[in-house]
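Shared between the two complexes below is subunit A, which pairs with subunit B and subunit C, respectively.
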Partner chain A sequence: MIVLDKVDKVFPGSNIPAVKQVSFQVDEGNICVFVGPSGCGKTTILRMINRLIEPTSGDIYIKGKKVSDKGLNPDHLRREIGYVIQQIGLLPHRTVEQNVALVPYLLKWPEENIKPRVRELLDMVGLDPDEVAQKYPFQLSGGMMQRVGVARALAADPPIMLMDEPFGAVDPIVRGRLQDEFLRLQKEMKKTICFVTHDINEAIKMGDHIVIMNKGELVQHGTPMEILSEPANSFVKDLIGTEREIKLLELTKSGEIVNKKAEIPETVRQKDCFISVIDPVQRALETMMKKDSDLVGVRDKDQEIGTISWNDIKKLINKLSGDA
Partner chain B sequence: MDFEMERFISALIDRSPPHALVHLQLVLIPVIVAFLIAFPVAVLLTRRRFMRYTDRVMTFFNMGQTIPPLAIIAVFFPFLGLGMEPALFALTIYALLPIARNTLAGLKGVPQEVKEAARGIGMSEWEMLMRVEIPLSMPVVMAGIKISVVLTSGTAALGALVGAGGMGAVIFAGIDFFRAELIIAGTLVIGAIAIVLDRILSVIDNKLTPPHMKM
Partner chain C sequence: MIFASSILQWAGNIYEKYFGFVDFIIRRSERVVEYTANHFSLVITVMFFSLILWISVGLLISRYEKLANTAFGIGNILFVIPSISLFGIFITIPMLGLGRTSAALALILYAMMPMVRNVYRGIKSVEWPIIEAGRGMGMSPKQILFQIQIPIAWPIIFAGIRVTTVMITGIATVATFIGERNLGRFIHHGIARESADMIIAGAVLVSVIAILLDYILGKVEYKITSPGLRKEQEQS
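Our next item is the complex of A and B:
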């Protein structure tokens, strides 16, 4: 869907490239997260995809079409790509409704289609259209503004979204909620999303695919599982931090390690020590500690299908982290 | 100088109105022409292509306000002579600076993230100017127009010295004939013109700007 081929960017007046020979591919319907410290070139890559910045050399393709083609008007290209930034950038002199309607308006949608679409979008991002449509941005909380920003980017139903630290400006609780809701939305929308963050935890949570950048170079890319289980070098290890095993447990579903042959002992039933197959393994660990048990029962909806023991979890950690 | 109420009222009611009309022209025409010049020029100076000329152009506008209008009239006397035209010309040059300066300040004050987002969602440079930059800088631009109006209202009194008429004619007659009533009446009318024009502009400003963005 989106392909970068040996892309370089050197900003005028600087002799150190901001982006060096970066090549990778984002598959359709995936969230690809770029993560790395400030100045690593992740935002520059994002801004080159919608041509807010032109690459110094190399090519970028969207759906097989070269974005730098002379015949392609960059303004028109950007209208086909949703764009969300950390500072949101809502127009302060326009109401929420007018802000969300901007791209459909630029695309010259018929007036009567725009209003219902705005209501639908506000509803989708969890805002009450009757309550907020006529408000000005300054009357909203940070979290609400960010939702409006996402609604505006989704307005014309673009197949691609670029999101630059979209949830970076809100407190951790609101951020967690926005992430969850966005992932739920994405399950239905199946957009191709490029997502920039400096937070490895957010990358692991949001990404189908993670691209790790440092000093303009691509250090490693792969699924969150691949990155966590086989960090390419010490930079990636440092970025992941100390809780690698726990993060791995968050990424593994209980269903993957459930012991289906085991009987469920009576003590587990007495303590009501059960989790669901779709819960992460980490939940099994938490439940064990909370209920003071070495064993949890696993349910698939109402069906009891097996157990996970403390030893099963230890084996999983050893297998994933590759060292005993 | 003594003061007689009857003469004062006559100066206000009988003598002032025709001069006030001329005075209004001496304010409105220069401010409108100055706006038509300074506003587009200032907009151009914020575009990337023309940014490097900003200092030079602003120096010119600055000079327009430092050189006294009477000096400008004197310099251009050979071409424009005396009367209405040189007065309008000098006052226009005088009115340029506040409008140009405030337009520049207003456009530069548009938040970077708003411009970034507007460009990112696909606004062309023209759409961004018309729908984002100009509306957001309007309160500052309007403040500049108001400053120009008030400045020109006062300075236009000098128009009478070159035969352009206006309320200056009433004031200078009062000075020549030692009539305090005329001087005071002329000054009051000029003040009233400045205040009324300022209020009208405020009403327009209120219509253009959402309540929370007023200066």
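Our next item is the complex of A and C:
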């Protein structure tokens, strides 16, 4: 869907390239997260995809079409790509409704289609259209502004979204909620998303695919599981931090390690010590501690299918973390 | 009775001393109307051309930064030339001579500094993320200018327009020396004849025009400024 081929970017007046020989591919319907310290080139890559800046060399393709093609007007290209930035950049002199309707207006949608679409979008991002549509940005809280920013980017239903720290400006609790809601939306929308963050936890949570950048170079890319279980070098290890095993437990579904042959003891039933197959293994651990048990039962919907014991979890950690 | 009549006399004295100009205005109402109309029309003419010219220049230098300092330099130099000599320079130019054209041109040059500066400052006050978002949504540079930068800059541009209008109304009095028959003439002749009434009449009428124009512009500003920006200003 989106392909970068040996892309370089050197900003004028600088000797050090901001992006060096970066190649990768984002598959359709995936969230690809770029993560790395500030100045690593992740935002630069994003802004090259919708041609806010031009690469010094190398090519970028969207759906097989080169974005730098002369026939392609960059303004028109950008109207087909949703764009969310950390500072949000809502137009302060326009109402929420007008802000969300920005791209449909640029695309000259008929007036009667725009209003219902705006209401639908506000609803979708968890805002009450009757309450906020006529408000101005300064009347909104930080979390509401972020939601409006996302709604604006989604307005014309672009197949591709570029999101630069879209939940960066809100407190951790609101951020977590916005992430969950966005993942839920994405399940239905199946957009191809490039997502930039400096927070490895956000990357692991949001990403189908993670691209780790440092000093303009691509250090490692792969699924969150691959990155966590086989960090390419010490830079990636440091980025992941000390809680690698716990993060692995968050990513592994209970269904993957459930012991299906084991009987479920009566004590487990008495304590109601059950989790679902789609819960992460971490939930099994939490449940054990809460219910003071070293065994949890696993259910698939209403069916009891087996158990996970403390030993099963230890085995998993040893297997995943290898030499670490 | 004696008490009441003395109060009346006292009030009469005060009136004669300080409000003699009211008598003057009533007595010379024909002149007053003529001069006021001339004054008013000169200010309107100057503002009309200044708006077109200096807003364009302000927008131009906000796009081509390199020109900004040159434009500010020229504006500042023009602004510090004493008005009486600027009028004087214009009447020496053939074709112009004494009269309205010279007066208007000189005043338009005066308007450059406050107008251009405020347009530039207004456009530059628009924060980067707002422009970035506009570009990212696929707005063309022209759309960004007219739909984002100018509307957000309005309050600052308008502050410049209001200051300039008041200023031009004041300086226009000096144009009486190059043949303008406006309210400056009352002040000029009042000084020559040592008539306080005439001077005050001229000064008060000039102030009335300035305050009236500023009031109207204030109303217009309120109308065309987005509530989203208005509220923001009131809050901070």
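Basically, the second predicted complex is superposed on the first by the 323 of 324 C-alpha atoms of A that agree within 3 Å, B and C clash if a C-alpha of one lies under 4 Å from a C-alpha of the other, contacts with A are read in each partner's own complex, and residues count from 1 in each chain.
Basically, a contact is a pair of C-beta atoms (placed from the backbone, for glycine too) under 8 Å apart; a residue touches a chain by one contact, two chains touch by 3 or more.
Bear in mind that the values here come from a model prediction, so they are computed numbers and not experimental data.
Q: Following the overlay on subunit A, give me a clash-or-fit verdict for subunit B and subunit C.
A: Here subunit B and subunit C cannot both sit on subunit A without a clash.
Q: With both complexes superposed on chain A, which partner does A:Gln186 reach: first (subunit B), second (subunit C), both or neither?
A: In the superposed model, A:Gln186 contacts neither subunit B nor subunit C.
Q: Classify the contacts of A:Ser309 with the two partner chains as first (subunit B alone), second (subunit C alone), both, or neither.
A: The answer is neither, since A:Ser309 touches no partner chain.
Q: Once the structures are superposed on A, label A:Tyr83 by its partner contacts, choosing first (subunit B), second (subunit C), both or neither.
A: Once the two structures are laid over each other on A, A:Tyr83 reaches both partners.
Q: Check the residue A:Asn259 against both partner chains and state whether it touches subunit B (first), subunit C (second), both, or neither.
A: neither
Q: Applying the document's definition of touch, where does A:Leu106 land relative to subunit B and subunit C: first, second, both, or neither?
A: both
Q: Of the two partner chains, subunit B (first) and subunit C (second), which one does A:Phe138 touch, if any: first, second, both, or neither?
A: In the superposition, A:Phe138 contacts both subunit B and subunit C.
Q: In the superposed arrangement, does A:Arg152 touch subunit B (first), subunit C (second), both or neither?
A: After superposition on chain A, A:Arg152 lies in contact with both partners, subunit B and subunit C.
Q: Look at A:Gln25 in the shared chain and tell me whether it touches subunit B only, subunit C only, both, or neither; answer first, second, both or neither.
A: In the superposition, A:Gln25 contacts neither subunit B nor subunit C.
Q: Once the two structures are superposed, pull the subunit A residues common to the subunit B and subunit C interfaces.
A: Touching subunit B and subunit C on subunit A: residues 50, 52, 75-80, 83, 85, 87-93, 102-103, 106, 136, 138-139, 152, 162.
Q: Residue numbers of subunit B touching subunit A in their complex, please.
A: 111, 113-124, 127, 131-132, 135-136, 209-210, 212-213
Q: For the complex, give me every residue of subunit A touching subunit B.
A: Going through subunit A, the ones touching subunit B are 50, 52, 75-83, 85, 87-93, 102-103, 106, 136, 138-139, 149, 152-153, 162.
Q: Please name which positions on subunit C make contact with subunit A in the complex.
A: Subunit C residues touching subunit A: 127-140, 143, 147-148, 151-152, 226-229, 231-232, 235.
Q: Write out the stretch or stretches of subunit A touching subunit C in their complex.
A: Touch list, subunit A to subunit C: 50, 52, 75-80, 83, 85, 87-95, 102-103, 106, 136-139, 152, 162.
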